[in-house]
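Look for subunit A in each of the two complexes below; its partner is subunit B in the first and subunit C in the second.
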Partner chain A sequence: MRGTVGYAFVLGALLAAVFGAVVGIEGGLRRRAGTRAWVERATSAFFLCMLGANLTMVWALVAHDFSVHYVSQVGSRATPLVYTVVSLWSALEGSILFWGVILGVYLFAFMRAQASRPDRAVQLAQGAMLAAATFFAFLIAGPANPFGAVVPVPPDGPGPNPLLQNHILMVIHPPMLYSGYVGMTVPFGIAVAALLDGRLGEAWLTTLRRWTLLAWTFLTVGIILGSWWAYAVLGWGGYWAWDPVENASFLPWLTATAFLHSTMVQERRRILKLWTLSLALGSFALTVLGTFMTRSGIFNSVHSFTQSDIGPTFLVFLAVVVGVSIVLLAVRGPALAPEDALPGVASRETAILVNNLLFAALTFTVLLGTVFPLLREAFSGVRVSVGAPYFNRMAVPLGIAILFLMGVGPSLPWGRADRGVWRRQFLLPAGVGAAVLVACLAAGLRGAGPLTIFALAGFVGTVTLRELLVPAWARMREKGERPWTSFLRSTARARRRTGGYLVHLAMILVFVAIAASSAYVEHTTGTLGAGDSLQLGAYTVRFLGLKEGTEPHRRWIAARVEVTTRAGARRTLEPRMNFYERSTDPVGSPAVASTAFEDLYLTLLAFGQDARGDTASFNVWTFPLVGWIWWSIPLFVLGALVAAWPQRRGLPALGQERAADPARGTA
Partner chain B sequence: MGLKRNTWLALGALVVAGATLAVVAGGGIGQNLVYYWTPAEMLAQGSKAYGATIRLGGLVKPGSISWDARHTELSFRVATDMSPDAPSVLVKARETPPQMFREGIGVVVEGTFDRSQVFTSNRLMVKHSNEYRPPRPGEGDHWKETLSKESAPSARAK
Partner chain C sequence: MNRRLSLALVGLAVLVGVLFFAFARGFGRDPHEVPFMLKGKPAPDFALTRLDTGEPVTLAQLRGEPVVLNFWASWCGPCKLEHPTLSRAARRHQGDARFYGVVFEDTPENARAFAQPMDPSFPQLVDPHSRMAVDYGVTGVPETYFIDAQGVIREKYVGPLLDEAELTRRLRALSGPRASGAGQ
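This part shows the complex of A and B:
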C-alpha cells in the first residue's frame, strides 16, 4: 500500500517536472504571457510530490514495511530508530529519492525568492531546472524505483550497511553533501537562462552568485564532514584518499570556487562573462558526473552500494547537459561580449584570472586521474587505478600556488598597480612569512613542502588579517569608535569582502592542518598482552584488557587502553570492533584522543588470548593539527553567512550606514 | 596592434601551459598506476610486473601463514583459487594481521613484486567480497566464531 502511494507521488513529480520544463522554456522563449504562473504551479507540485514520496518512504522504513523494495534492502527491525530514518539515504534508490526532495526544496525556494521579479529569465531558469528535475524524477520512477513491491513479504531485512550506521556523522554528512550537489542545479538553470535570454545583467549575476555561494557552502561543509567521517569510522588512519567518490565531490567544489572568484572580475570589468557562465554550467555537469561515478557502481567503494542499471541513464543525461551547455555557449555566447579589457599585469583582476587558471588546471588533473581507470578499462580491458602519489604530485604544487595567490590577489589593487605597491603591501606580510619559516626551522621542523606551506600561511594570514582589520582601524581613528563597534560597522559596509576573507582564514587553517598532519604523522603497530605498553612520540599506550558488550543491532569487543602523555595526563580509550549480525566482516571503531594540536588515533586490529590473558593488536598514529580541518567548518559557514546575508535584513542598528552608501556591500 | 599581439602571446602561453600540464599529468599517471591482478595474471606478466604498484587479489593459501608478533613480520602465500596446484605468490608484510585474517580467506594486498619472486605488501585488506551483503548460509557463523577468542588468529600464532 505504501509502495503504491509513494510511487503515485513519484509519477506526480515526473508529470509536474515535464510539464513545467516544457511550459517554462517554450513559453519563456516565445514570451507567452501567463505561462509563468503555470511554471510556478508545476514547481510547487514537484516539490509537494517529492516531499510526499520521501515522507512515505520514511513512514515505510519506520513501520518496517518490508513489502516495499527499498525497505526490504536496508531495513531491519534491530536497527535503532535514528539509523532507520537515515537509511533513507544509506543506499542507492533511497539516496536518489532524497536527492529529489532536496531538488524540490531548492526549486521551491528559488521560486519564492524570485516571485517579485517579472523577468522572463526567471521563467527560463525555472524551466531549465525543471528539465533537470525531469531526469531525476524519471530515474526514481524507472531505473532506481525504490517503491517496487516485494512478494512474498520478508519478515525482516538486512539493515543498512554497517559502515553507514557506525557513526552519528552519517546523519548529517550526506544531507550536507547532497544539498551542495543539488544546489548546483540552480546556478545551472540561471546560467542557461542567461544564455537563452542573451543577457547577463547586474541583478541576474547577483542572483547567480548567491545561489552558487549557497550550494558551495553546503558542498564545503559536506566534503569536510565526509573526510571527518572517513577519519572517525574507516580506521585506516587518514581522512582523504583521492578515492573516486571523494574526487567526485571535490571537482564541482573547485569549479564553484573558481566561479566565486571570477564573478568579481565580471562585476568590476564586465569581462569573463562566458568563462564565468562556463564555470557555473561546468559545476553542474561535474556534479552529475560525480553522481554517476558514485551511484552507478562503476567504482568499488563504500558509496557504490550495488551494481545497478542507472549508469546508462546517467551517461545520457550527462551527455545532454554537456551538449546543451556547449551549444548554448557557442550559439548564444557572442551576445555576451566583453565590455572592457584586462588592465595591467599587476592587478587584482589578473591575480584572479591566474587563480582561475590554477583551479582549472587542478580540476583537469583530478578529473583525469579519476576517469582514467574507466577509460583504460573501457578501451583496453585492463583494470587499473591511479594511485594517490599521482594526485599528491599534481595537487600539492597547484595548491601551494593557489595559497600563494591568496596572499598576492588581495594585496593588489583593482585596475593597475603603481610601483610602490610592492613595498607598501608586501613587505610586512613577506616578513611575517619569513619569520614563520625561521621559527619552524628553529623548532626543528623539516621538509620543503610543509615549511613552504607554513611560511605562505604566515604571509597569507597577515595579508588577510590586514584586509579584515585595516578598514576597522581606519574607522576607529577617524570616528573615535570602540574597536568592536568599528569592526562590525566596517564589516556591515563590505560584507562580501569580509565574508570572503573569513573563508580565506578558514582555508589557511585547512592548508596548515593538511600539511602538518600528512608530513609529521607518526605510526606504529604492535600486539600487546594485558599490562604491556607501547611508545609513540610523547604517548605511552598501555593495554588493560578486553571488554565485551551487546547492543540491539550488534555485539562489540573493545580493548581498554590507558594513554599517558609525557606530561603525565592520563586518558582511557576504547577502540572497538563491532559485529553486525548480518555482516560477514567486523567493523572497527577507532578511538581518538584529541588535543588542540594533536590527535592520538588508535585502532583495534585483532584480539585474542594467550596463557597470560587477553592480547590485542593495535595500529597507533599521531596526527598533528588534524582537528583543525574540521574545526574550520564554523569559520567557513560564518564567512559564507556574512557574505550572503541580505542587506535589507541587516543589523538594524546600522540603518544610517546603509542609506549613506547603498552601492556597497550588496551581496 | 599591440593589444592583438598581447592576445596572441597570452593564447600562446595558455596553450604551452596547457600542453605542459597535460604532459606532466599524463606522465604522472603513467608512473602511478596501480594494477589489479590475481597471482596467475601477475605471474603471466613476467618481468613487466617487477616494480609496478600492484593490488594483488586472491585467497590465503592454507598452511602458508607465518606470523612473528615480536618483529611484526607476516608472510603467507596468496593463491588464485583454492585448488592445490593453483599459482601462488609469497607475500611479506610488516603489519599485524587484521582480525578476520585466516587461511582460505580472500585478501587484497597492495605493494610491489620483485625478481626474488617476493611480493612486498604495504597494505593488507581482508575481503569477503567486493560488496556488502549478508552472510550466505554456512558462512554466517564466522563472526560468532571470531567472538570466541580462542579461535582468533593472533592467539593461534603465539
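This part shows the complex of A and C:
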C-alpha cells in the first residue's frame, strides 16, 4: 500500500515537472501572459509531491514495510532508528528520491524569493529548473524506482551498508553535499534564462550570485564533512584520497569558486559575462557528472553504489545539459558582449582573471586524472589507475599559486594601480610572510612545500586581516567609536567584502592544516601483547587487552589502549573492528585523541591470542593540525552568511557605484 | 570575438564527445573487479593449527591431493549460508579432495561457537594475524581457493558457494589438465 502511495506521488511530481517545464519555457519565450501562475502552481505541486514521496518512504522504512522494494534492500529490524531514517539516502534509489525532495525545496524557495519580480527571466529560469526536475522525476518513476512491490514479502532485510551506519557524520554529510549539488540547479536555470533572454542585468547577476553562493556553501561544508567522515570512519589515516567521487564533489566546487570571483569583475567592468555564465552552467554540468560517476557503476570508488543500469539514462541527461549549454552559448552568447576592457596588468581585475584561469586549470587537471583510466581503457583496453601522486604533483603547485593570488588580489586596487602600490600594500604582508618562514626554520621545520605554504599563509593572512580591520580602524578614529562597534558597522556596510575575507581566512586555515598534516605526519605499526607499549613522537601507546561487545546490528572487538603524552596526561582509547552480518570485511573504527595542534590516530589492524594472552596489531599516526580542516567549517559558514545576508535597501553595497539602479543591485 | 567563441565551443564539444565515448564504453564492466594474480601460480605455503585439536597443518603435507581452502568468519552472514553446501561436498568428495576452512579475522572462541553447531565435515584452521590470508590475497569472506594436486592455485571463487553442482564442476576441473581451469 505504501509503495502505491509513494509511486503516485512520484508520478504526480513527474507530471508537474513536465507541465511546468513546457509552460515555463514556451510561455516565457513567447511572452504569453498568465503562464507564470501555472509555472508556479507546477513548482508547488512538484515540491509537495516530492515531499510526499519522501515522507512515504521514511514511513515505510520506519514501519519496516518490506513489501517496498527499497526497504527490502536497505531496511533491517536490527538497525537503530536513526540509521533507519538515514538509510533513505544510503543506497542508490533512495538517494535519488532524496535528491528529488531537495530539488523541490530549492525550486519552491526560488519561486517564493522571486515572487515579486515580474521578469520573464524568472519564468524561463523556473522552466529550465523544472526541465532538470523532469529528468530526476523520470529517473525515480522509471529506472530507479524505489517503490516497486516485493512478492513474497520478506520477514526482514539486510540493513544499510555497514560503512554508512558506523558514524553519526553520515547523518549530515550526505544532505549537505546533496544540498550543494542540487543547489547548482538554480544557477543553471538562472544562466539558461539569461541566455534565452539575451540579457544579464545587474539584478539578475545578483540573483545568480546569491544562489550560487548558497549552493557553494553547502558544497564546501559537505566536502569538508565528507573528508572528516573518511578520517573518522575509514581508518586508513587520511581524509582525502583523490577518489573519483571525492573529485566529483571537488570539480563543481572549483568552478563555483571561480564563478564567485569572476562575478565581481563582471559587476565592476561588465566584461567576462559569457565566461561567468559558462562557469555557472559548467558547475551544474559537473554536479550531474559527479552524480553520474557515483551512480553509473563505471568508476571504482568507495562511494559508488551498486552496479546499476541508470548510467546510460544519466549519460543522456548529461549530454543534453552540456549540449544545450553549448548551443545556448553559441547562439545567444554574442548578445552578451563585453562593455569594457581589462585595465592594466597590476589590477584586481587581472588578479581575478588569473585566479579564474588557475581554477580552470585545476578543474581540468582533476577531471583529466579522474577520467583518464576510463579514457585509456576505452581507447587501448589497458586498465590503469591514476593515483594520488599525479593529483598531488599537479594540484599542489596550482593550489600554492591560488593561495599566493589570495594575497595579491585583495592588495591591488580596482582599475589601474600606481607605482607606489607595491611599497604601500605589499611591504608589511611580505615581511610577515618572511618572518613566518624564519620562525618555521628556527623551529626546525623543513620541506619546500609546507614552508612555502606557511610563509604564504602569513602573507595572505596579513593582507586579509588588514582588509578586514583597516576600514574599522579608520572608522574608529574618525567617529570615535569603540573598536567592536566600528568593526560591526564597517562590516555591515560591506557585507560581501567582509564575508569574502572571512572565507579567505577559513581557506588559509585549510591550506595550513593540509600542508602540516601531510608533510609532518608520523606513522608506525606494531603488534603488541597485553601490557606492551610502543612509542610515536610524544606519545606512548600501551595495549591493555581486548574487549568484545554486541549491538543489535553488529558485533565488535575493541583493543583497550592507554595513551600517555610526554607531559604525563593519560587517556584510554578503544580502536575497534566492527562485524556486520552482511559485510564481507570487518569495518574498522579508528580511535582519535585530538588536541588543538595534533591528532593521535589509532587503528586496530588485527588481533589474536598467544600463550601470554591477547595480542593486537596497530597502525598509529600523528597528524599535526589536521583538525583545523574541519574546525574551519564555522568560519566558512559565517563568511557565507555575512556575504549573503540580505542588505537593507538604501545602504550602499560594495560595487554599486557603477550600478544603474542602486535599489535593485543589493547583494 | 565571435569566431573565438565558436572555436572555443567546438573544441569543448569535441572534448566532451571523447569523454562521453569513454563513458559509454565503460558500461557493463565491473570497476571493482580485482584481477586475481595468483591464478596458475604455486599456492603459498602455510603452517597453521587446527581449531579443534591444535594439530599443525602445512600445505607441503597435503601435496599430492587437490585442496579446497575456504576462508570464513563467524561474523559473516554469507559464510553461514554457504557452509552446509561445503560440508556436504566435503563429505561426498572424500578421497577426491581435502577440504579446509580457514578462520579469517576472528577469535578462536567465536569461530568454535560458529563451527560446532554447523558440524563441519572438514577441519578448520586458525590463521593468526591473517598472515595466510594476506599471502593468498583474500579480499573478503567468504572466498574459496581451488588448489590442484601439484600445489598450483587453479582458481578462486569470491562470495558464497551455494550451488553444489557448481562446486562439483570446479572440483572435477581440479583433476583435469591445467588449461581447463575455468576462470573465477
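Going forward, the second predicted complex is superposed on the first by the 650 of 667 C-alpha atoms of A that agree within 3 Å, B and C clash if a C-alpha of one lies under 4 Å from a C-alpha of the other, contacts with A are read in each partner's own complex, and residues count from 1 in each chain.
Everything that follows uses one rule, which is that contacts are C-beta pairs under 8 Å (C-beta built on N, C-alpha and C of every residue); 3 or more make two chains touch, one makes a residue touch a chain.
It should be emphasised that the depicted structure is a prediction, and the values quoted were computed from it without experimental measurement.
By the touch criterion stated above, A:Tyr390 is placed in contact with subunit B alone, subunit C being left untouched. Of the two partner chains, subunit B and subunit C are each touched by A:Phe579.
Residue contacts after overlaying the shared chain place A:Thr540 against neither subunit B nor subunit C. Within the superposed three-chain model, A:Ser617 lies in touch with subunit B and with subunit C [touch as defined at top]. Contacts of A:Gly369 after superposition: subunit B is touched, whereas subunit C is not reached. After overlaying the two complexes on the shared chain, residue contacts for A:Ala378 are found with subunit C alone; subunit B is out of touch.
By the touch criterion stated above, A:Thr206 is placed in contact with neither subunit B nor subunit C.
When the shared chain is aligned, subunit C comes close enough to touch A:Pro334, but subunit B does not.
Of the two partner chains placed around the shared chain by superposition, subunit B is the only one that A:Leu357 touches, whereas subunit C remains out of contact. On subunit A, the surface patch touched by subunit B in one complex and by subunit C in the other comprises residues 300, 307, 527, 546, 548, 555, 557, 577, 579, 581-586, 606-610, 615, 617. Across the complex, subunit A meets subunit B through its residues 158, 161-163, 300, 305-307, 341, 357, 361, 364-365, 368-369, 372, 382-390, 393-394, 525-527, 546, 548, 555, 557, 577, 579, 581-586, 605-610, 614-619. Those residues of subunit B lying in contact with subunit A across their complex are 3, 14, 17, 21, 24-26, 28-29, 31-36, 53, 55, 69, 72, 95-101, 126, 128-135, 139-140, 142-143, 146-147, 149-150, 152-156, 158. Those residues of subunit A lying in contact with subunit C across their complex are 274, 292, 296-301, 304, 307, 311-312, 315, 318-319, 322, 326, 329-330, 333-334, 337-338, 371, 374-375, 377-379, 527, 546, 548, 555, 557, 577, 579-586, 606-610, 615, 617. Subunit C meets subunit A in the complex at residues 1-2, 5-6, 9, 12-13, 16, 18-27, 29-32, 73, 75-78, 105, 107-108, 128-130, 139-142, 159.
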